[in-house]
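Chain naming follows the written order as A, B, C, D, E and F, and within any one chain the residues start at number 1.
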Amino acid sequence: MFTDLPEEALRRWQSRLRRPDDFDAFWATTLSDAREHGLGLAVHEHPTGLATIRVQDVSFRGFGGDTIRAWLRTPAAASRPLPTVVQFVGYGGGRGHAEDALFWASAGFAHLHMDTRGQGAMWSPGSTADPEGSGPAVPGFTTRGIEAPETAYYRRLVVDAVRAVDAAAALELVDSERIAVLGFSQGGYLALATAALQPRVATAFAFVPFMCDVARAITITDREPYREIGRYLATHPDREPAAMRTLSYLDGVNFARGARVPISFSTALMDATCPPSTVFAAHNAYAGPKSIRVWRYNAHEGGGLLDERAALARLHELWGR
Amino acid sequence: MFTDLPEEALRRWQSRLRRPDDFDAFWATTLSDAREHGLGLAVHEHPTGLATIRVQDVSFRGFGGDTIRAWLRTPAAASRPLPTVVQFVGYGGGRGHAEDALFWASAGFAHLHMDTRGQGAMWSPGSTADPEGSGPAVPGFTTRGIEAPETAYYRRLVVDAVRAVDAAAALELVDSERIAVLGFSQGGYLALATAALQPRVATAFAFVPFMCDVARAITITDREPYREIGRYLATHPDREPAAMRTLSYLDGVNFARGARVPISFSTALMDATCPPSTVFAAHNAYAGPKSIRVWRYNAHEGGGLLDERAALARLHELWGR
Amino acid sequence: MFTDLPEEALRRWQSRLRRPDDFDAFWATTLSDAREHGLGLAVHEHPTGLATIRVQDVSFRGFGGDTIRAWLRTPAAASRPLPTVVQFVGYGGGRGHAEDALFWASAGFAHLHMDTRGQGAMWSPGSTADPEGSGPAVPGFTTRGIEAPETAYYRRLVVDAVRAVDAAAALELVDSERIAVLGFSQGGYLALATAALQPRVATAFAFVPFMCDVARAITITDREPYREIGRYLATHPDREPAAMRTLSYLDGVNFARGARVPISFSTALMDATCPPSTVFAAHNAYAGPKSIRVWRYNAHEGGGLLDERAALARLHELWGR
Amino acid sequence: MFTDLPEEALRRWQSRLRRPDDFDAFWATTLSDAREHGLGLAVHEHPTGLATIRVQDVSFRGFGGDTIRAWLRTPAAASRPLPTVVQFVGYGGGRGHAEDALFWASAGFAHLHMDTRGQGAMWSPGSTADPEGSGPAVPGFTTRGIEAPETAYYRRLVVDAVRAVDAAAALELVDSERIAVLGFSQGGYLALATAALQPRVATAFAFVPFMCDVARAITITDREPYREIGRYLATHPDREPAAMRTLSYLDGVNFARGARVPISFSTALMDATCPPSTVFAAHNAYAGPKSIRVWRYNAHEGGGLLDERAALARLHELWGR
Amino acid sequence: MFTDLPEEALRRWQSRLRRPDDFDAFWATTLSDAREHGLGLAVHEHPTGLATIRVQDVSFRGFGGDTIRAWLRTPAAASRPLPTVVQFVGYGGGRGHAEDALFWASAGFAHLHMDTRGQGAMWSPGSTADPEGSGPAVPGFTTRGIEAPETAYYRRLVVDAVRAVDAAAALELVDSERIAVLGFSQGGYLALATAALQPRVATAFAFVPFMCDVARAITITDREPYREIGRYLATHPDREPAAMRTLSYLDGVNFARGARVPISFSTALMDATCPPSTVFAAHNAYAGPKSIRVWRYNAHEGGGLLDERAALARLHELWGR
Amino acid sequence: MFTDLPEEALRRWQSRLRRPDDFDAFWATTLSDAREHGLGLAVHEHPTGLATIRVQDVSFRGFGGDTIRAWLRTPAAASRPLPTVVQFVGYGGGRGHAEDALFWASAGFAHLHMDTRGQGAMWSPGSTADPEGSGPAVPGFTTRGIEAPETAYYRRLVVDAVRAVDAAAALELVDSERIAVLGFSQGGYLALATAALQPRVATAFAFVPFMCDVARAITITDREPYREIGRYLATHPDREPAAMRTLSYLDGVNFARGARVPISFSTALMDATCPPSTVFAAHNAYAGPKSIRVWRYNAHEGGGLLDERAALARLHELWGR
């Protein structure tokens, strides 16, 4: 069943989220602080049984100089810079196994698949730590450090994502003029955030993105992970203003308002995890060229491979085949 | 939590299933009938956006001469016969999209991914019809035609799987001396059945296989799809003997008792869909060289990619790299 | 809780479903094709332990000439043509046991209880096969053959229902001027369809009917069996137009628009299986004399026996007692 | 799935329940007290739309002289005493509508369908009050008055059942030499209790009976209504001895130990509401001629109509047709 | 997620409930009848291991002269009349253990914690019987005696609550000019009812109250205990008018319309048990000084201790510290 | 229903867990490291509306010198050192509100209620941060740092608990010869651990303790929080040996084997969260004087207040009243 407003209303939906006056300054400072740690790029061949795809184990410095891991998958025969997809992972998962997610490299792209700090234990393995702790938090990641924008988990993760693009651009097999960012759910949110924050991004694909119009999301769904935030506020009702302030620096809608590169969204009308009005909130607020694919009968899987196939077609359109 | 017997007991577990005296004759007749329809092999290039992998749309004649579809994925550069994996799909799914499941072709294999008749609408798309109807049946596939071995849905599907190997062997890019069969769940069952019925199979991988020791399975789990059979018997208790007779011609345990080629099983101790004692029933009954990988903390996903990675290592061992 | 719109809105609700221009032609052809197979009526005494009710096992030719079974229950003492109720069964069930459903015969009616092809294994037994297979389909019946009106399962079932009335009219103990059709859920849908298609029907009772305003139903409920269609469309989003076209030939709303005989509907405001707006869609579109009984606090059971008791009172009103 | 011990173990299962020394005295006193209120039998024609069945609204005095209602259904043409089935209803339901449950009267029996005091609002309507209150109790009936045998709800209900047989025997259309008692679940329990306490009972049918080996039942299932008792004991752990003492006067196993008339049980191996070991506990303890039908794949519905059909066959065997 | 209307709409929400003309007369008669039994106050020291709090076991005569129990908790050192809180318990619970709920006595108040007749077995123990039985009712308390206002369970319970305040006022350590009533859920409802009916009440705290705008509540939630009423009406649809009439004498909204003392409500926007529009219905109808605290992210726990802390602050404000 | 072995088997149950040879050394080093940070005790009056209880906000240095918060509740009139209960909180909760948990202070004890680092947002608020991050972990706390004993979350938490007793002993109102530790679930585990590690503990109360025989627990229950560990191992099966090694340094069974002070356990036979065999594993291994209270019909709430009341009685026994 449809989980949200009728499609006509979705297309007109405007988030009531306020954008902090110092939103851009906050992120500018955050990123310049992070960049002071240097990139620390390291690339190691990772042996697999694959023949057509080469996998390398990449690490770079993310937020606070912390080491972030990623897989670089490329066509085995590639020797020149390739158009590139930097992919971010959904909530709870890590970069997975070296042999996972062969689509983009098989399509002739360099594919940098970033690990997610501290995650990577729910449904796909990761190997990147989050060395930062937090105040009282609901099991999960969304409420860690929610007391202030400075301590929020997602601030760290967004920085990692921006730095992943820096890392990509520094790789030999990457054509730094042709970098796209892409992800589903939490990964779609990071694609949206990097579209706004990272000038090296040429285009973005935010499929069924998480962390958009959060203040609304937590009132219209009981599904995890948005539910974590509701639990936190039920236990700490006095901290609602602080938490809402923190979230306003992290919300995908506020990234959308400042972004300029072309972006493709997808959303699913039966998605109860990231309800479509929260995705439309980001899409409708997006300041650059944009499109959105609506999956009428799908849930949070969205279009799945069909979203990726469309992204590939779009990239062929932009950059030739 | 563990869903079945302790591991020590599993290793000793013997199914009480009887093997019909005419089991081998039944299948010999069934297969020779099916082969009278000819193979009707057709192969068409299927355009995708992929670069390192070539996809072809294959069709051949399965049970009753019905048209069965499959994807053939090969390394784009391949021109000589390759070691080959014929893969069968889990319950409810179809062969999926052309760009799915790139692992085996990326590993340098020919990969024939057989569609499942009538399925392919629950979680991955298919395009193969099952033109046969059935008597009264529970929504699903396991009880269609359960009145008699001759009318049973799984008889048709097993024939399709055997013929898929015939089809593979007839393909130019397939080295017919190096054909493995592989699958998870229903696909693992079909791998086991073809290991027993199809002499062209060199080795088999039956991961968390379905349809083994069915008479026990339906008494120890309430999960679909085994639950379908319990529902049928609750509504038609008078047909239990006939249904059990039918199932005895289809049960993976009885295939295992007649099989001779090396096989690798996997099972998961927290699998409530295909409980481990039913998998061990097949493993322990298997008449050829065999091994089994036990995933202690996994559910029906079993080892997932790790099962496939192990299969790849095993094939490298058998056939060189 | 109420599962749908407020009652005032329900009473005004108009489905947006389009009626195909050739809807009537499609069914006219379908029925004349079916009638070419002849009726093939066969009636056998069925011994039971009952004393006041006689049960006969009836069969006739339905769609494609396929054999359809039914129970004929009559007062044991009856020797002259009786007013008659032809009843259709809800989803998943069959005609049940001979000794089930004694209400109508005990009330002095001939009661022809039609079996449902291929169903009859979920909650009540049946013995009628559906010899037709299908393309990829979700476990269940609603998506079988959904690719085209010609192949759809419900086309076959509607024909069976129309032919059941032909069969009833040909029975000695049936007064062919006094035939009512009746059913709950799927059975209510078939009563509605036969009210539109079968001129021998004098009046109809469509209680909590299924398959009305399907395009809306699948967006407002997650319950089976409507959920099957949503699953199909999630896996085959490209086939939505074809599926919606097929459904437009089958939808109860389109039957309602062409029907002329008096009909009594019922619906329940807490019904999440066949939500009330979908029933009102059919009622409000119905072109003949009509009434609807609203059960405020019931779920999909509707009024149950109270619906049947009201039907009996209505028939006494129409035909005397 | 099977909800209890393997069938071989069930057949040997012996309850550890102790039988109070004054069990028989307790019930003798209880019944003679009840009988002091006189029977107060009243019979009124109840008009329905039925033709072959006559329905009368019966009332009599049960425990404490309270008025208990019942339906008497007989073949419309009957004028001489008939073999009779007194039926008791499952937990939560009442005697239902006059037109419900036509099987026995249609089979030529007098059918006295006793209402259940205070129940009759969950799934079928009743019209009999329970004027007695209780101490603190879990919502439901099992823990009302559980402090002592004298105050227990089920003491009252068992008396009503015994008196229903007295009432039946006093009815003109009842052949008092041919009275059977029958029921499912709570109704099966009451059939068992009356088999032990009421000498007018010629034979009994206790299908999937409730309230047997209760001390075990509450440790092996979480389903309602047994769960009520566990909830009570969790909140009032200090009252466990008193509650267990009370239950020992009510437990079907203790009735079984004192019963002598032939009885037919049924049980279902997938019944999680009244697990089969609790039914076998009663069967194995039963002191008279006995049989048990085991439904392997059914849940708490047991054999449903098939149990009743078997009961009819058995009565034909005993009493002729 | 929010379970009801947006907050703006809630603030304007007006129940459509009609107030019976004889509402006040009904309750005046009911209370004067009850008072004819006298108060029968009894107070016994109850030994505990506590040092700062003294606990006494109180009993008094409630509805029909039935004995009602309560705990009286006071600061151990208190010797003069204290400001007092009379607290009522939520559905299913009893007054609990002597050592429970130490907040009010620790704050220097006399705390009379009334037991709930017949309840006290679901989650906290009670020791007060409800000697009245009922007609057919759904397991639980809401539908007992729902046939008429005179027989309704909640009539008895409201009388008990009113009499509890009479009892409090008669206690030595209670300052009868400073009595507040307080409760959560069912307890909040009783606080509201006593605010309207009992002139000795100085102020009331109705937190997340139950039994308000019941006719609406049962259409917007499926949670127990409101669900009991829907079940009853589904089984007894003919009794809807009588049941609705009965409820109109019990509904918190109708108490609110006649109340004059200051009251503090709380409600939670994620409360699915007592949805916020039903609480606002009472608040908006309340005829005296009133306030409402809205917990945005909480469910039926409401503010929990924070509600009580606010009540304490309010009482300090009213009565000094 | 019972969730584990029969009680007789529980009483004999021996965990197969191995105790690392350097278990004692590991903890000795860990604690001496922690103590190098000094205690940093700070105590501030915390104003509440309470009259009989005084609340102070305490902080001290726990693991790594991190600041740990606690409430100190004492009888308002106390001026001399009191017998003391140090209480630890269950999983997900924090020390709660100042006015919560008044039992121990009302009983005349000093009550130090320790906050739980990083928790305190699920069901009761906390205000203590855990500044340490972790490698990939499942949402929750059990798998944080599970790679090695040195990095494990529970190592830090156990140290905090040990230091809480040091802090208690340093408080003016605490009689350092009469310190008991107490908790439910996670709190019970910490009581057990401090009983083993902290010589200042005179006696301990471990009610329904968590983190005992973890290797078994994760195979017999699917409930959170044990489920977290199973999820981790399903995603990282290669890390099972490391994780099991880590857990062996943290498991309550291994603390039990080295403990000497008297302890009282409780367990509940219907507890599916901390199944009774895991509690008996600790009890049966406990090297000092011990007792265990078995709640037959309770779930994870165990005896609740009744466990605390028994603890109070025991302390009165030990220390006088």
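Definition applied: a residue touches a chain if its C-beta (ideal position, glycine included) is under 8 Å from a C-beta of that chain, and two chains touch if they have at least 3 such contacts.
These numbers were taken from a predicted model, which means no experiment stands behind them.
Touching chain A and chain E at once are the following chains: C, F. Mostly differing positions are employed by chain C and chain E in their mutual contact, as under half of the interface residue numbers are shared between these two copies.
Taking each chain's centre as the mean of its C-alpha atoms, chain B lies 38 Å from chain C. Centre-to-centre separation of chain B and chain F, using mean CA positions: 50 Å.
Chain B and chain E have Cα centroids separated by 63 Å. Among all residues of chain C, those that touch two or more other chains are 231, 306. Of all possible chain pairs, the ones that touch are A-B, A-C, A-E, A-F, B-C, B-D, B-F, C-D, C-E, D-E, D-F, E-F. Remark: chain B residues 218-222, 230-231, 233-234, 237, 240 touch chain D in the complex. On the chain C side of its complex with chain D, the touching residues are 49-53, 75-77, 96-97, 99-100, 102-103, 105-108, 305-306, 308-309, 312-313, 316, 321. Residues of chain A touching chain F in their complex: 92, 94, 118-141, 143, 225, 228, 231-232, 235-236.
Residue ranges of chain D in contact with chain B, taken from their complex: 1-2, 269-270, 295-299, 301, 303, 306.
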